[in-house]
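Sending over a structure as structure tokens; questions will come in a sec.
For clarity, chains are labelled A, B, C, D and E in written order, and residue numbers in each chain start from 1.
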Amino acid sequence: MRSIISIFLLVVIAWGMITVLQEIPFGSSETRVGQRYIDQGREETGAANIVTSVVLNYRGFDTLGEITVLFVAAIGLGAVLSTNRKKKKREIESASLVLYTGCRFLFPLILLFGAYIFIHGHLTPGGGFQGGAIVASAFVLVYLGCRGRRISETGSKAVESLGGLIFIGIGLAGLAVGGRYFLSNFLPKGELNTLFSAGVIPILYIAIGFKVGSELAGVIDHLIEDSE
Amino acid sequence: MDIQGVIHFMQNYTYYIGAFGLIFIGLFIMLVKRNLIKVILGLSILETGVNLFLVSVGYISKGTAPIFSNASIEGKSMVDPVPQALVLTAIVIGVAVLALALSLAVRLYQHYGTLDLRQIREQRW
Amino acid sequence: MNDFGLFLNGINPVLFIVVPLGFAFGIPLLGMISKKIVKWVPVFVYSFVLVGALSNIPDVLDKPIIIQIGGFVPPFGINLVAGPVGILFSALIAFAGLMVSIYAVVYIKEGPEVRYHILYLLLLTGAMGVVLTGDIFNLFVFFEILCISSYTLVGYFGNKSGIESAVKYLIQGAIGSSLLLIGIGLLYGLFGTLNMADLARQISSADPVTVFIPMALMITGLGVEAALFPLNAWLPDAHSSAPSSISAILSGIAIEVGLYAVIRILFTIFGISDFIMFFVFLGVLTLLIGEMCAFSQNNIKRMLAYSSIGQIGLMVFAFAIATSHAVAGGLFQMISHTLGKGLLFMAAGYMIIRSGSMKTASFEGMGKRMPLTCVAFTIGAFSIVGLPPFIGFPSKFLIIQSALAKGTVLFTILTGLVLMGTVIEGAYFFRIVQVIYFKKGNGDSERNEAPIAALIPMFLFTAVIIIIGIYPKFVLGILDSAASELLNQIDYIRSVLG
Amino acid sequence: MSLELLLAAAFGGSLLTYLLGKISSGLRDGFAVFVSVILVAMIAGLYGKIGAVTSYYHFMGLELTLRISPLSWFFAMAVSTLGALSVIFSLSYMRDRERTDFYYLMMLLINASMLGIVFSGDLVSFFIFWEMMSWSTFLLISYNRGSALAAGMKYIVFSIIGSMAMLIGMLSLYAVYQTVNIYMLSNLVSSASPGYLLFLLIVFGTAFAIKNAIMPLHTWLPDAYAEAPSPFTAVLSGMLTRMGVYGFLMIMYVIIGSVQTLNMGYGLLKFNYILAWLGAVTIVIPTFIAMLQNDAKKLLAWHGIGQGGYMVLGIAYGTNLGLAGGIFHTLNHAIYIVLLFMSVAAVQYRTGGERDLNSMGGLIKKMPIAFIGALFGISGLIGLPLTNGFVSKWLIYKTLILNGSPFLAFTALIGTWGTILSVYKFLHNLFLGQLPEKYKDIKKSPVNMQIPIVILSLTILLFGILPGLPLKVINSIIASFGFKSLNVTLWGIVSETGSLNTINLFAAILTGCVIIWLILKTGPKSVSASQENTYAAGASIPEGKYHYTVDFYNPFYRMIKPYLKDFMDIFYFKLAGWTQTLCNIVRKTYTGYVGHYVTYIVLFLAVLIFMQLKWSLW
Amino acid sequence: MQIIAMILSPILALIIGIFFLGLSRKMMARIHWRYGPPWTQPIIDIIRLFSQKSVTHGHLFNLGLILSLAGSIVVILFIPVGRIHPLSDSGGMLVILYMLLLAPLGLALSGGEAANPNTSIGISRQLILALGYEVPLLLILLALMTHYETISIVEIVFRQQYAGWALLSSPLVLSGIGYISIMPAILGIRPFEVVQAPQEISSGPMVEYGGPYLALATIQHALNLFIGIALFVNLFLGGAGNPLFFFIKMLVVFVLGIFINAALPRLRIEQAVQYLWRWPTLLALVGLIVVIVMKSVSAG
């Protein structure tokens, strides 16, 4: 009965969607704003990756919000899980040597790869979030392979905070000294398609990368801790 | 809308159909499932559908990724970068919500010993 | 218009968002130095924001301040619009935030306190972002900050009811945000822009039927947070399970901000200038249902929560009439509800601590045990009911007046229904007042007042309630220009896009 | 002496009294009396300033004004005098009670807001003061705890309903005419359509009918009167309830105007005629219900309702005699009902709060002043000649008979006879008959209780013998409403269709009494006998059951009791119950199951979309 | 002239009342086939009582009785006896109605302080009975006042002398019959003798009176008899041009009344009220309606 009603309701909604989607022809959307970014993004931001220039410059404020959301989730998750921490030490079965060694071997490589992704965010696909996620995956590997090894909570918190503060600091610097706008790209743009280009974008992405990496690692840490 | 229109629509809007298919599946799961984890899964599917929809909105036929990886690339046939940026944000938000939902589910299970939402009804009228 | 620094004539509104955010990011570091400092951070931050918001009022009455983020001309970059509405809400958020944070200094004693203060800052930052932003996707992002931090704060105590409410709130809220996001996607697909002013300009020449669907999606999505009936099922659970300080903020700020987003979208983006019958009915329905549910409650916080639904109904009713007086009245009602309900929740919070139960019956004889808190509670209740000389009276006055100014029989009847809601409201609030003062408590009747740090915000709230109640002209000026900002789509577009 | 100053003194005085109470109770008592007496003096001094208008404040773009009309002066005088007497009376009644500071604060606040009501020059001020009066009254009714809580609830619910109705009326006027000033409105409204005027009369009428406890909106009153602290009950019944009369006068004769009001409707369905009939019903039924009461204050409370009926009847009837009678009766009623409640309060004070008529008696020898108060009070209530109540009732009867409404006259007259039965029972069971054993050592009432009682008793006689004093003022009131003024002399009315001469009556009765007294004196001197020493026709009267007036009028009760339930009260209780049930049903919307909630969200969206696509509502 | 009338009319009333009192006892006895006391017996009793000692129960005990008697006297001053009507322009019928209250109320107050169970019962009955007959009485008086459009009793009498007896005029005949049917209740004679009821409650309100008090109470009773009949004569039989005719009219009415009522047993108080609120009230009500209808017909 409930499913019938649900289906009926969804059909009504779908009907509405079809009506409106007819006005949005697939593959030929009107890209007024987007086209301008493509046309002028290189001059205005100095980033080869237009998506990055949108994410960090044109819509940098969104990204500030975005890292905040992640921050909220990390803190919130900690708050939710911390209230009832039953510290039951269970016997931890250590992993096999192969796994252990492999993890230890791969860990720095993955970190490096993550760093690469976020440092080159303005040049290639990817960026702070993606890089951060890769960094966090390194920690997942450690948790899986090297049971009992934990990241330092203080350390991750500090990195997290510093990442956020750097982002805001750069934004405020833009407001105070740069182009008199919050988050304005006040550093020299450099030459397109080189590593040291696009002004503040790489710095921001590095901050984000660290922040996201530590946050996601922290989240995983909390979840694992709780499940133990 | 006649049947021809529907067929035309199906042919031209495959991505939309996929995206909205996911959205409706997600909603349907949330409407009828009683297990909290399944509901969260539904939510996740719903969000995926939305993200897919956002990306498809910005698609331009035969467009390339909006990256000037070398100087020779023309900006004419690039897809719209804005939806991609939006999706990036939306994904992160989705992850955040999902993580929080799962952590709450853990705690809820500790309290109730069940994840059946019909039985988790202490807070009502 | 282009050349702004940290300080305009007043403080740059972008700092209202950035400074709390920065402190929120910094709190973990501060917490490593000293845990004692942390709880004073929100107090400090919101004193600053309050000063900033107030300092901007004179400028804003003249013309709205448009802040471009990153220095890009509006349709191409994100911009903040600190018009009368924005500044009004910022001031309100800052004031309520400041008061509640003072309250929380003593109220929050257990649990992960550092995280509480971070989340609290972020919750208000989200609210601030929503009211200031001029970009619809940016609105979504800040909205998510607001929502996610409230999900967690609802479950802050980690007890059974808190977690259950948080889960339910999260599920509903997440669906709401997904719908909102679909709506935004559709709008982008239709018009290729995300800037509100730009959207507004294009929508005015678009086909209304197609535009309606995204609007419906967005209204539904935001309606969940704005607690429109029947999207408000999370509200009583969440408000009653959260810590009282958070209930005060949720009730006083969060749903108001949700409603703000709804009306901003309706009025500014979609340019609804005539009154909207559907929302008029929805408002009355929300009001009646909220009041009726509250009437048969014996859990104080649930009762207050349902009463918030009722108040939201009244605001929706006011906004849906959509004359400048009505909108001003609706905004005024928001202010009075924030102050009144905030006060009620704060007072109730300590009454609950002292009596050890949320049952209204356990408050018997409370008037003797904590007289000051009870006076505050009573004044809050009177104000919510709309009795003079408290702030609830002028706001209700304005709304009813503009409803009757419509001059039709239908509106007179609807007004009658609205006032019937008020009667019910009066009944249950007066019942509580009786229980507090005129029932002999059993158990200890020793005087046990709330701590001074909790009394200060209550006192200030009370003072503002009475002062604005007697001198409504303090806020009427900004209310009028806020109403005209909301209703005057063309001016908005012109001021943003030049 | 400006009006703002007066109100500032009234409101400020109340707050200051509260604060002084924190320092010393003696200081507080003294100050309370001082404030209330000063107010009387100030208002008396305002007599010459009738017509003055002051604008004191701008609220939401509206100019709020105060003004003195003959009507407002008249009411203000009554309010302040009775208020002052009640405060004086309270001094010992409230001594040694808890929250005395709060009591005085509320008492003076209510007094001040009533003054605000009568001096308001615009509807917004009127409404604000009205509301302040309502909630402070609520707090004071609930003061006694216990069953007072239910009474307070009933009061405030009715009161809010009333004020909401008034709010609609007021704001509708504002919306239409862009002003709330009563005088400007009275000029503007005269050109409005009859339908709109009827709407106004109904909404305002509802508010005032609730306050004045017109049937069927009366049910809050008996409980509220009975449960409130007795000195406050006096104020409540004397003036506060009669703010409804003031309101009726204001809306009917000041704002809408006599010409429009009296021509509203057709034939028997005229507005004022219906209102008059409601007044008549209000006279008869409550008066008979009063007979069944065994609680002294409740008995008086039901009479309060009944007497309110006379006022409304007189006012609504819309002739100069009726109007004068109605207004005069308001004053008279205030005087004697305050007196009666004070007497009861004095008895309560000495007997420890007892108000059950069946368990008292014989207090005449113990508390003579209270008895005198009660005697004069009931005489006024009945309307015996030479008391003030007679004159006002005479005016009302006369106009009813001569203007061809014998049935209304009948209801009014029969109400009087009903009154006699119940008030005699009241007097007899309190003061006459046998003194119960436990009250053998009861003391006289304190001096500060005796003073108001004596003053009011004398006032009743004064206005009964020289009704011209207040009637002169009333004459100017009805003249200001556009009615022909009465031909008033100091001792009555001169008219071709039957005049009234109280001084003749007074002389006749006095002479008669003196002569008979002399005759009695000529006989042999009689011996004083104790109350146990009575002739019982040989039967022995049981010792313990010596109080034989339990269930006075028992045979009669058996006859009428089934017909005299307070059906409206029962109905309202049912209504409250239904509301509660309905609320509980509505509450079930929030089932607690998230799946339902999700359905609501999807449903909402689907409905929105469906409505647009199907009916194109946009 | 006024002063003389003022002194004269109560004395006249007293004489007539006491005469009626004696007459009624004599006639009742004769109807019952007894010899009965002489008709002067009440006078003898009163004189004797004034010389006897008695007890008093307090000031109100005295004052109530005085008030009651004074009330009756003032009513008499309002009622025209022939052409003697010293006070009738001071308030008219309405004052009479209210002054009529003083008599029972005074007695009730007086009896109240006596604190005797029988008194209380008597008072209770008296007040109930008064309420019982007031309902039809008021309707009847209203019919009269509406018909003659005045509240002055002198005016009513005057109009009747001009246009014939009210009892015989078409709109008022029902009211007149109604008045006749309640007159025993007004006079307190059988079958409405519940208040005094000597055999049952030892004369009720009078039980504590002795000596001069009883004398005054008897006088009060006599005056009441006078008032009840005089009112009827004035209102329905057109009054009289001089006191002698007036007396004759009263005598006729009284004798007829005695004959009709002597044969009836006493009613219980509820029965009395039930009776009074049924037929007389119905008659009076119909009478009033007839008056209103006739008026409106003749008016338009």
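Here, a residue touches a chain if its C-beta (ideal position, glycine included) is under 8 Å from a C-beta of that chain, and two chains touch if they have at least 3 such contacts.
What you see is a predicted model; the values in this text were computed from it and never measured.
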- Note on the structure: Joint neighbours (subunit A and subunit B) are C, D
- Task: By the contact definition above, name the pair with the higher C-beta contact count: A-D or A-C.
- Result: A-C
- Could you find the chain whose CA centre sits the greatest distance from that of subunit A? E
- Query: Of all chains present, which has the mean Cα position farthest from that of subunit C?
  - Reply: E
- Between subunit A and subunit C, what is the gap in Å from one C-alpha centre to the other? 30
- Using the average of all C-alpha atoms in each chain as its centre, how far is it in Å between subunit B and subunit C? 29
- Message: What's the distance between the Cα centroids of subunit A and subunit E, rounded to whole Å?
- Response: 107
- What whole-Å value do you get for the distance between subunit D and subunit E if each is reduced to the mean of its CA atoms? 36
- When you check subunit B against every other chain, which residues touch at least two of them? 27, 30-32, 39, 57-58, 80, 82-83, 86, 89, 93, 96-97, 100, 104, 107, 120, 122-125
- Message: Show the residues in subunit E shared as contacts by 2 or more other chains, in ascending order.
- Response: none
- Multi-partner residues of subunit C (at least 2 other chains): 137, 141, 144, 148, 151-152, 155, 158, 163, 166-168, 171, 175, 186, 189, 192, 194, 209, 213, 216, 236, 293
- Message: If we use the touch criterion from the header, which chain pairs count as touching?
- Response: A-B, A-C, A-D, B-C, B-D, C-D, D-E
- subunit D residues touching subunit A in their complex are 595, 599, 602-603, 605-606, 609-610, 612-613
- Quick one: which bits of subunit A touch subunit C in the complex? Just the residue numbers, please. 16-17, 19-24, 29-34, 36-37, 44, 57-62, 64-66, 68-69, 71-73, 75-80, 82-84, 154, 157-158, 160-165, 168-169, 171-172, 174-176, 179-185
- Task: Over in the complex, which subunit E residues touch subunit D? Could you list them?
- Result: 6, 50-58, 60, 62, 65-67, 69-71, 73-74, 77, 87, 89-95, 97-99, 101-102, 105, 108-109, 112-118, 120-121, 123-124, 127-128, 130-131, 134-135, 138-139, 142-143, 145-146, 149-152, 155, 202, 207-208, 211-213, 215-216, 268-270, 273-274, 288, 291-292, 295
- As the complex stands, subunit C meets subunit B at residues 137, 141, 144, 148, 151-152, 155, 158-161, 163-168, 170-171, 174-175, 177-178, 181-182, 184-186, 188-189, 192, 194, 236-237, 240-241, 293
- List of subunit D residues in touch with subunit C within their complex: 58-61, 124, 127-128, 131-132, 134-135, 138-139, 142-143, 145, 148-149, 152-153, 156-157, 160-161, 164-165, 167-168, 171-172, 174-176, 199, 579-580, 582-584, 586-587, 589-590, 594, 596-598, 600-601, 603-605, 608-609, 611-613, 616-618
